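In what follows, structures are represented as structure tokens.
What follows is a pair of complexes built around chain A, which joins chain B in one and chain C in the other.
Entry: the complex of A and B
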């Protein structure tokens, strides 16, 4: 009898911390949408650079998945679908920002570094400070500086055959940004349309601006990315390079080429919108985008590197805690 | 007692992995195994000799001015080490550059005087500083060897990697030092944790 009484007295109270209103977006859904949006530049990469790029994709994705599995096992963390889909996203993005003819063994090392060191050493999914794919590429650029500049191929110069190796007739040339930087050859205005479509040398997935913009539209319309980040990034690049161009049109390239060349579209679509390594507050997002754009123009114009998107975004990644600190909205009642 | 004081510096209280002291030479000069060994041995010489002198003088050093006194004693031996290296091993001396005179501010050395030799008799001080110095040295050699193998394909100047091996340039850059040291410290903690549990 006594037992029954105490049972009746127990009131069912579930204490749940705020927030009490949830959105429909989940990590898994966000990753699926990102993978969907990534399909467009992937098609572009295969169209422009041939079947070999598929090997690059398979290599990067399998390396990321294997290292994700190993890292989760080592940390005795649950093997969640979200972790694996985020690792797959990292693999795809890494393949997109590598040169199309990049050796597969080196791409494998880059993907393993991205997942094991950049992502899991800092605590795994949602806790990494730097964008893993970009850091993977930065690592490869620092480890193999010669290889990474050697394999920027002319579109369609790679054989369409199934061999993962490179034929001797594959043409490797300086990218347009390299030529602007080191040979001071600025392309004419007749190149706007071909460059927007993707007819140029560069990393596997960065060349076709139009396909990347379709991917960006998918991300924005489905709500997987915040419009503030890409918009502020593109605008700030256009504004800062525009200022330089107005001062000395013959010395600096115009803002349209600044946007079209290199990895601006790819970076602005898939890396600046990374929810893990960018600020959460709306104001912070604008600061992040403007800062990344400013640094991109700064590095491109005044440093020894022809391209600055990667370092600009990584530097801003490091500044995110600071941005959050000054832009977080005041908590009610404090 | 003597053995215990000597052994602890090698693993349990390793100056680099456990105390995280002397990071500046650890990261800066370990681009090759030889540089690591030279820096480690020079540091061992300085910490051992200054440890002996501090231990002898420990009762007459006024506690209020002990840090400047330690610094003068350490600086004396650093100068000796610097001059000896310059005279007998000019190549290594040039490679290590300003990091030999900088041994004087290595916190590992000052830390040993402050924590141990100024409070303990001479025989224990010798055991302690020698252990710490060798603990510092073996880690610097290991770090330098890993970086040299990955970054240049050689160890102590001898090529051991196959000719098809592509050198990881990043490993001889400062970033490689940070990554390698971080991973080594992580493995050190992992091994210790396993030991603790079993």
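Entry: the complex of A and C
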């Protein structure tokens, strides 16, 4: 009896519901990997648009973190690391999709809106319907329509003679997509490489396709993002713009420029892969990617806007419950 | 249909450990309801002397199982006790007598029995499915519909567990003989033995033993959890799928566990009732994982006595019966080993963080039944059990894949179990 007592003192048995083991991926790890993958376009942004961009990043991240803290306190929700790292991801993405010279006070308002209204009014981490960063950008575009178009910056030239000599048209404030849309000036094929590397006007983080693709590789290889979403998105854009281009090559942008220009790579890598605002089922993910791609091409080609990535993804975000309803997998034996 | 998961197997240490015998325990606790169906009826009384293998509780009704004493001793107590996993039932506690082995109460061996004799002998021996469910075998082999394929499930897909693997390796002939008896009793034309590809020695041994039988085929299956679940096994080998709410016999199949086959062979050819089984004692906390032949009803503390001394640090543990994916945590080490206990695992407790769901869809990807655990969880959080049922909750087999994969470490399987009870 004495023996038993001492034994019980030393050993405490815990009741753990099965399963007693777990996989290696955790939500915190997914967030950290996303932040790691986001570093690549951040480097690109600082390289092409200078130190000014760092202030934009700091402003958006701190606004996100502060609003996250305030929102969690107000809702009396636990202050979890997952919530804060997801808020940091929102801050970084918002900074990446704003013009590099964007006023800091406006960026601050955008980040606060993204976290407080888009994320926490709907219930916080995991419950938001719309991608907070994209909705923040949409809010800024609606609230300050002039400012959002005015702060494009001229990128630094690429070294080693890779630069196509953009500076002749640097006087123009327009991004390549604007020029195609409004001035009908389609760039030649000599622009493929500089555009892929990132020498063009645009929002802070969207210009360097190659760095974003490195980030995408990090996300996919580490298992932090599902391959179905970016793959179906890029494929759908290439296919739909390809169909238009084959139909009338002189009227529509070719698929390569459609992929390279604007925010296709950035959106496909960091926004289409956001698990919270996209379907959970494998088929639903494909439908989401294809739909976003189709809408991107549709908006770019047939609307008054030169760019369509943001609205395409936000519209598909709203359609997620509908998609999930019709794409749930077949139950075994039925 | 999802694909399941590939967890670390953690079998390497116990896989090559030959089955060892344990000394006769001081006391055994034999539960009257360790099978599916009606609890068996106790036919001994307090202070009765019982022999090893003597019938102490007889089956009650059609779906029940006989229970025999696993040691020679005196009945110390017959009372209602708690069983592991929160159930309770009548149990017979037998205290060891000094003289063992002299008196055995075994049945007469049968040499070449016909189907009826096999069925009767299996019922008399109290054999139930030893893989986990504990369905009485003599009921399973008389299905209401004719069956054309009998399965031997040698998958043992749960991590850590190696009991069936050792049984198939060391008793390959008996396992195949027992399986042939079951196949004969069921009236199936064909027998299939399914083994996962991570057990090359067991595959070799079983193939060797099965070479004598023309109508028994060995199939090597991919190592993936839950390959050993009946529905997965049947679909992955025959292509037949079992509709929701149906049982394997509805598609002409019966499935038997490897240890069950061994018990059947021993009951028929040696007259031995089901009074012992092979149990893997393993886990990251035990320096020497082993496979023991354990008398039924032996308390877990006794079984662990020989392994737990090697634990260097005391503190918090999670001790569970069965494998890590579906095993039930024990709140005390006084429970007796059941006919269905394939392993006792000792590990440090894995506390789940239960962070918010981020809808990543890993659970949907992995669910072998093609359910959307994420959706079910959404309904669960709103206590909407009706919608859970509409989304196919009843199809959940509680394999634990969704909980295993969940990056937010939500207790999905546990929640679904609770919802099923609430329905």
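What we mean here is this: the second predicted complex is superposed on the first by the 290 of 334 C-alpha atoms of A that agree within 3 Å, B and C clash if a C-alpha of one lies under 4 Å from a C-alpha of the other, contacts with A are read in each partner's own complex, and residues count from 1 in each chain.
Just so it is clear, a contact is a pair of C-beta atoms (placed from the backbone, for glycine too) under 8 Å apart; a residue touches a chain by one contact, two chains touch by 3 or more.
Just so you know, these numbers come straight off a predicted model, no measurement behind them.
Legend: residue contacts after superposition of the two complexes on their common chain; A:17 is shown touching chain C, with no touch to chain B. Using the contact criterion defined above for the overlaid structures, shared-chain residue A:25 touches chain C, although it does not reach chain B. Of the two partner chains, chain B is the only one that A:142 touches; chain C does not reach it. In the superposed pair of complexes, A:248 makes contact with neither chain B nor chain C. Which of chain B and chain C touches more residues of chain A is settled by the count: it is C. After overlaying the two complexes on the shared chain, residue contacts for A:333 are found with chain C alone; chain B is out of touch.
Note: no residue of chain A belongs to the chain B contact set and to the chain C contact set alike, using the contact criterion stated above.
Put simply, chain A touches chain B in their complex at residues 106, 117, 121, 139, 142-145, 147. Looking at the complex, you find that chain B touches chain A at residues 166, 168-171, 173, 175, 179, 182, 186. Touching chain A in their complex are the following residues of chain C: 1-2, 5, 7, 159, 231, 235, 241-244, 246, 314-320, 322, 324-333, 345, 347, 349-353, 355-365, 367-372, 374-375, 391-392, 395, 398, 400, 403-409, 411, 413-414, 417. Residues 10-23, 25-30, 80, 82-83, 86, 124-127, 226, 275-276, 278-282, 285, 324, 328-334 of chain A are the ones that touch chain C when the two sit in their complex.
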